[in-house]
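Each of the next two complexes has chain A plus one more chain, namely chain B in the first and chain C in the second.
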Partner chain A sequence: MTTPIAPASAAAGRLVDAAEHGQSDHLAGGRHDKKGRSRVDPVYYAFLLPTLILFTLAITVPAVLGIFYSFTNFIGFGDWQFTGLTNYIAVFQDPAVLSGYLFTFGFAIVTVVLVNVIAFMLAVALTSRIRLKVPLRAIFVIPMVISGIVIAYVFQFLFSNSLPALGNGLGIPLLQESILANPDLAWIAIVITATWQSVPGTLLIYIAGLLSIPGEVYEAADIDGATAREKLFRVTLPLVAGYVVINVILGFKNYLNVYDIIVGLTNGGPGTATRSIAMTIFTGFTGGDYAYQMANATIFFIIAVAISILQLRLTRNRAASA
Partner chain B sequence: MPGKKRTRSSARAVLGVGVLGAALALTGCAGAAGAGSGPAEITFHMSKPEAIPYFRDLVERFNDEQTEVEVTLDTASNLSAGFLRGNPPDVGLLNYNMEMARFMERGALSDLGDMPEAERIRPDVQELVNQYATYPGRTSVLPYSVAAASVIYNIQMFEDNGLEVPTTYEELIEVCETLLDAGITPFYSTYRDAWTVAQGPFDYTVGGRIDVADFYEQMNELGTEVGPDSPVSFEKTFAEPVAQMKELLTYTNDDAESRGYGDGNVAFANGEAAMYMQGPWALGEIAKTNPELELGTFPLPVTDDPEDLKVRVNLDLALWIPEVGTNHEAARTFVSYLMQQDVMDDYNASYLAFGTTEEAAPVTDPRIIGMQEYYDEGKFYQGPSRAIPLTIPVDNYIQSMATGDDPEAELRRLDADWARLALRG
Partner chain C sequence: MTQAAARPVTGTPPRAREEAVATTRRRRGKVGQETTNWSTMVILFLCSLTILVPLYVTITMSLKTTAQSVDGNAFSLPSPISFDGFVQAWTLTDFPLHFAISVFVTATTVIGTVVLAALASYAIVRNWEHKFFRWSFFYLLAAMFLPFPVVALPQIQLTGLLGLANPVGVAILHIMFQLSFSILLFTAFLRSIPLELEESARMDGATTWQTFRQLIFPLLAPMSATVAIFAFLYAWNDFMMPSLIIADQAQQTVPVVQSIFQTQFSSNYNVAFASYLMAMAPAIIVYLFTQRWVMEGVTQGAVKG
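Then we have the complex of A and B:
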């Protein structure tokens, strides 16, 4: 491992930036037309085409149609009329939507922090010189291959049966009642389950990141007399900053869309304490409120894009300076 | 490019020609392909899981008996998507609820009023369809079977404690007290699955006290005006029944909040409580755990007059034929076949349901026989929790009413949601 991957990835980032601004002709195979402009080999467009077509058909067209119908009273079939901004006005006046956003964002922030802290610590442990490294890695990755709804049902059983039984046996009053039945605490159960489910994916990315740090850096740090703590915060963390960005953005996006875990654990309850935005939007299809929930989805989409851009902006500089 | 046609047809919808119109053309082509010589091919949608084997046999028998029509049973396809694309099944036999009512309300279902079969339906049962929605001048839906629900009780436990079936609220409370004194949990509840609270305790107490159909008619007329000052509202009309529900639920198992529907069936089958507010669908599940258990049913008494007793019903299955489609004649032939009295009676007897026609055979299963007299006299109502569009999470609100301290706040929330929905509807 002589290639320093992190600087290389930063270099790759600059390369992409340069390509975006037309300063590079790497991809053009170095050919130029008469006026000196780089000529791109058509084969590159051919590579793009299948994805582009599928993406357009499966994502863009339905999305645009959905946004269009959010200005109507369409219920999924049959006649409809334009209703202008009525749906949007109704969304902003809907306390259920507002509490859905509060819950979803609170959940996403707590989970993304928890998952990344746990996964990073695990990754450091699993890349250091410990026994049984390989079998341990395999064990930690198992949750990744189990479907979310299955995980949710298993945890639902744990929370509503096993934990209360344990609480009664040991006389711990806190555990005696199922936390899923407590409107103030049910979200904790969802965070725990979501964390258990998504640590492995995050962990794998961190392991890859840690393995890409060349040993020489640590040798140099040792020679300079750095302590283990200093090595972690001054060497390891800056060098995997790019991976932190990836994990935070991907994770946050996933947690905002939380759906199956909640359906399996609480189905939005008790009451509406754990109803996520994705669940609310989905009722639009089953409940004949298509256009209204499309308006909700459009707002959600705009917020999600805004957050992604913000996160990229905020974290890009950090990653590049690493 | 395969995408081109799709985008164009979407664009047409956008232009206002209408999805139905565009799709009509599509099914027209599909229908023409199949309509050569040989039998007319139709699809029959029936997705009630436990009834699938029954109707698979029935369809096979029908196909063998004649050569005019060839029926394919469809148990899985998504109905909304089918209607959206304009190729719904040719015949549907489904649970009838607010969601199906939307298809009818927008004219997606054809008129069956001229079929002789429509004449045989009991008018008070046909009326159940109209309570959700109507389409002017059409009988779009034929009720096929009715599921009646009330309190399921453990006969042995009642006999052991010298208890009679209560017919007034006072008697019901006495029954509960006697059971408690004997160390028996009176009711088993499963709050974790919100729908069980809504369709059981909530529907029974509210439906037993108010005229459900009349209430929703007024609520629909009021629309955006529903609120603290309107003549009827959830807060005003439901407050007392809900308070009564809260009182009744003090006689339930302590761990109700963490129990789900499956837990409830097993617990009740194992004799952990004497009464269970569930529909006939739970009877089969209970029998899986304890087939020997002797069970009966009685309507939940919520007033002091035995004359007020009513059972909760829902249209377990209802028949319809979509407006689009080229095989209406073949579809009607099959509908007539399904509507034969012995076919209907056979289904109802097998699935603990009540008949919808004037001459339907009475039920014989001892577990539901207690509801027959009320059903015959038309003393029934459709669950008030089912008359609220799914987009309002009413089950969750009812769950909060059962478990929380402030049920009136939940009722106010329902009123606000109702008015908001009316505003954009």
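Then we have the complex of A and C:
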């Protein structure tokens, strides 16, 4: 990225003014400690410490506290006792937790495949020789900026009112009943809505990836007489492989947290057919299962970290081989 | 139908347009063909209907009368056009109050994220050779691996204890969850700023604070814009955190308030959709004016994350 010259010099000019008022005689790199490293201006600590302290209080303390409570029988308030691994053993044997994990992972896998296939094809189309590129791109990105819960409410209306009305009008039996009320099919509505919402972010990353491919590569392919299909599978796809890895893993991590869309569409139902891990964990606060659900959350956390490590490995390998 | 929903697109900033034109030219030049691929365009227009139809339904439903909205035909045009839905949604959801709360939470999140992340990133990048700053960087980045549901229960408990089960608490938590991504973007950008610029300012006797305030922070402006727009989208649209943290329903943000159309007013579809439209409009408007930074943020976040 290039440095904008004009604002920089203007800012430097103001600095000289400030210096002329003689507020400080500090010179960068002027002082060193025994080991020869430059001494840190205490002001830098003032820049960083408020953030570190707030972050620790808001994220680290709750995380540690939560993991601590997962080894107790705490119910959210009052007395508690250590119960060791009791919660963890119970979590592993709980059919409600198991079905939550099965549903969430199934949902995440289907959605990640669907989103990436659609977004990649759209990105290829949107970077090809077309007109109205900017307005088209703008339209496809709109779902990214709408609140997930509002999207879910709109789609809930479409799935439960409009599609059945359409099905009745056209005489298509499959559409006549709301799929949200069908325990076997409700997940499809959730996948469709989640896909609608998350194609844009994935699409933008693929567009950036496709634009980073130098045109010479395609010229060479043209000279070799490659067909459009060959160019797509043998040139484009290998060159954006890194972006595919990023999109798949970032997406998968996101979909494991699925919450808004399910609350808006089915609220976990019918029954508990579409209850995700996040929804199961949140029942801990209303259901008096605080410590128990913290054990569940801790397991979920370990899985999230494992996926992140996998992500780092895969992206590092790519950097090394490139 | 396409017209109604496509209208906002004409608000594309000229810069983004130029950029795209430049890209097109570059590509054409390299590929060496000038022809437009019309079949791809037709397919893209058909695909764009999947985006435009739900938006069309939202807009037309909000303009219907209650009587027309309950007939189940979502795709008909409103006749007569009625603004009743908006009038009722305004009072039913207590829109001005919740809008103000959402604006407060969003503004606090945006300002807090930009200021804290910029200051922290500057301190980290300029003292990278010191363990404390280097480790702070990895510590702050670790939150990227932490899903909110994992810490949600203790956070509900603690915000309750500290009297932060309100919009202030939500804004603080929003800032904290937005820090990792923002610090990642800021530090990458700061490393690309030549050190000489800063050294000459230091020679002239500027303090660290003056250097940051008058030289570095203005230089960070384009990245601050990207960080700000993502903090805005996150804070404005978030449902999970406010719905769990804010204890008093009278203090909820706009997205959470929409749930009243699932429970109390479930058959007033025109009112519900008018309310949905009022909830999504600010984000769509902001997006149309800031597309360039949205694009940059997604790309950079992905490449560096």
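In the analysis below, the second predicted complex is superposed on the first by the 250 of 322 C-alpha atoms of A that agree within 3 Å, B and C clash if a C-alpha of one lies under 4 Å from a C-alpha of the other, contacts with A are read in each partner's own complex, and residues count from 1 in each chain.
Note that contacts are C-beta pairs under 8 Å (C-beta built on N, C-alpha and C of every residue); 3 or more make two chains touch, one makes a residue touch a chain.
What you are looking at is a predicted structure, and each value in this text was computed from that prediction instead of being measured.
A.B. asks: Could you say whether A:P50 touches chain B, chain C, both of them, or neither, answering first, second, both or neither?
C.D. replies: Second partner only, chain C.
A.B. asks: State whether A:P183 touches chain B only (first), chain C only (second), both chains, or neither.
C.D. replies: first
A.B. asks: So in the superposed three-chain picture, is A:Y292 touching just chain B, just chain C, both, or none of them (first/second/both/neither)?
C.D. replies: first
A.B. asks: Between chain B (first) and chain C (second), which, if any, makes contact with A:G76: first, second, both or neither?
C.D. replies: It touches chain B and chain C both.
A.B. asks: Can A:L211 be said to touch chain B (first), chain C (second), both, or neither?
C.D. replies: Second partner only, chain C.
A.B. asks: Who does A:G148 touch here: chain B (first), chain C (second), both, or neither?
C.D. replies: Once the two structures are laid over each other on A, A:G148 reaches chain C alone.
A.B. asks: Which partner does A:V61 contact after superposing on A: first (chain B), second (chain C), both, neither?
C.D. replies: A:V61 sits against chain B and chain C alike.
A.B. asks: Could you tell me if A:A165 is touching chain B, chain C, both of them or neither one (first, second, both, neither)?
C.D. replies: The second partner, chain C, only.
A.B. asks: Which chain, chain B or chain C, ends up touching more residues of chain A in the combined arrangement?
C.D. replies: Counting contacted residues of chain A, the larger count belongs to C.
A.B. asks: Just which bits of chain A does chain B share with chain C as contact spots?
C.D. replies: 61, 65, 76, 161, 164, 284-285, 293
A.B. asks: Quick one: which bits of chain A touch chain B in the complex? Just the residue numbers, please.
C.D. replies: Within the complex, chain A contacts chain B at residues 53, 56-57, 61, 65, 68, 73, 75-79, 83, 86-87, 90, 93-96, 159-161, 164, 177-178, 180-181, 183, 267-272, 275, 283-289, 292-293.
A.B. asks: Enumerate the contact residues on chain B facing chain A in the complex.
C.D. replies: Within the complex, chain B touches chain A at residues 1-3, 6-7, 10, 14, 18-20, 80, 83-84, 98-99, 102-103, 106-108, 191-194, 255, 257-260, 389-393, 396-397, 399-400, 403-404, 410, 413, 416-417, 420-421, 423-425.
A.B. asks: Where on chain A is chain C touching in the complex?
C.D. replies: Interface residues on the chain A side: 1, 3-4, 7-8, 10-12, 14-16, 18-19, 22-29, 37-38, 40-41, 43-45, 47-48, 50-52, 54-55, 58-59, 61-63, 65-66, 69, 76, 122, 125-151, 153-155, 157-158, 161-162, 164-165, 196, 201, 204-205, 207-208, 211, 214-216, 218-219, 222, 243, 246-247, 250, 253, 256-257, 259-260, 263, 277-278, 281-282, 284-285, 290, 293-294, 297-298, 300-301, 304-305, 308.
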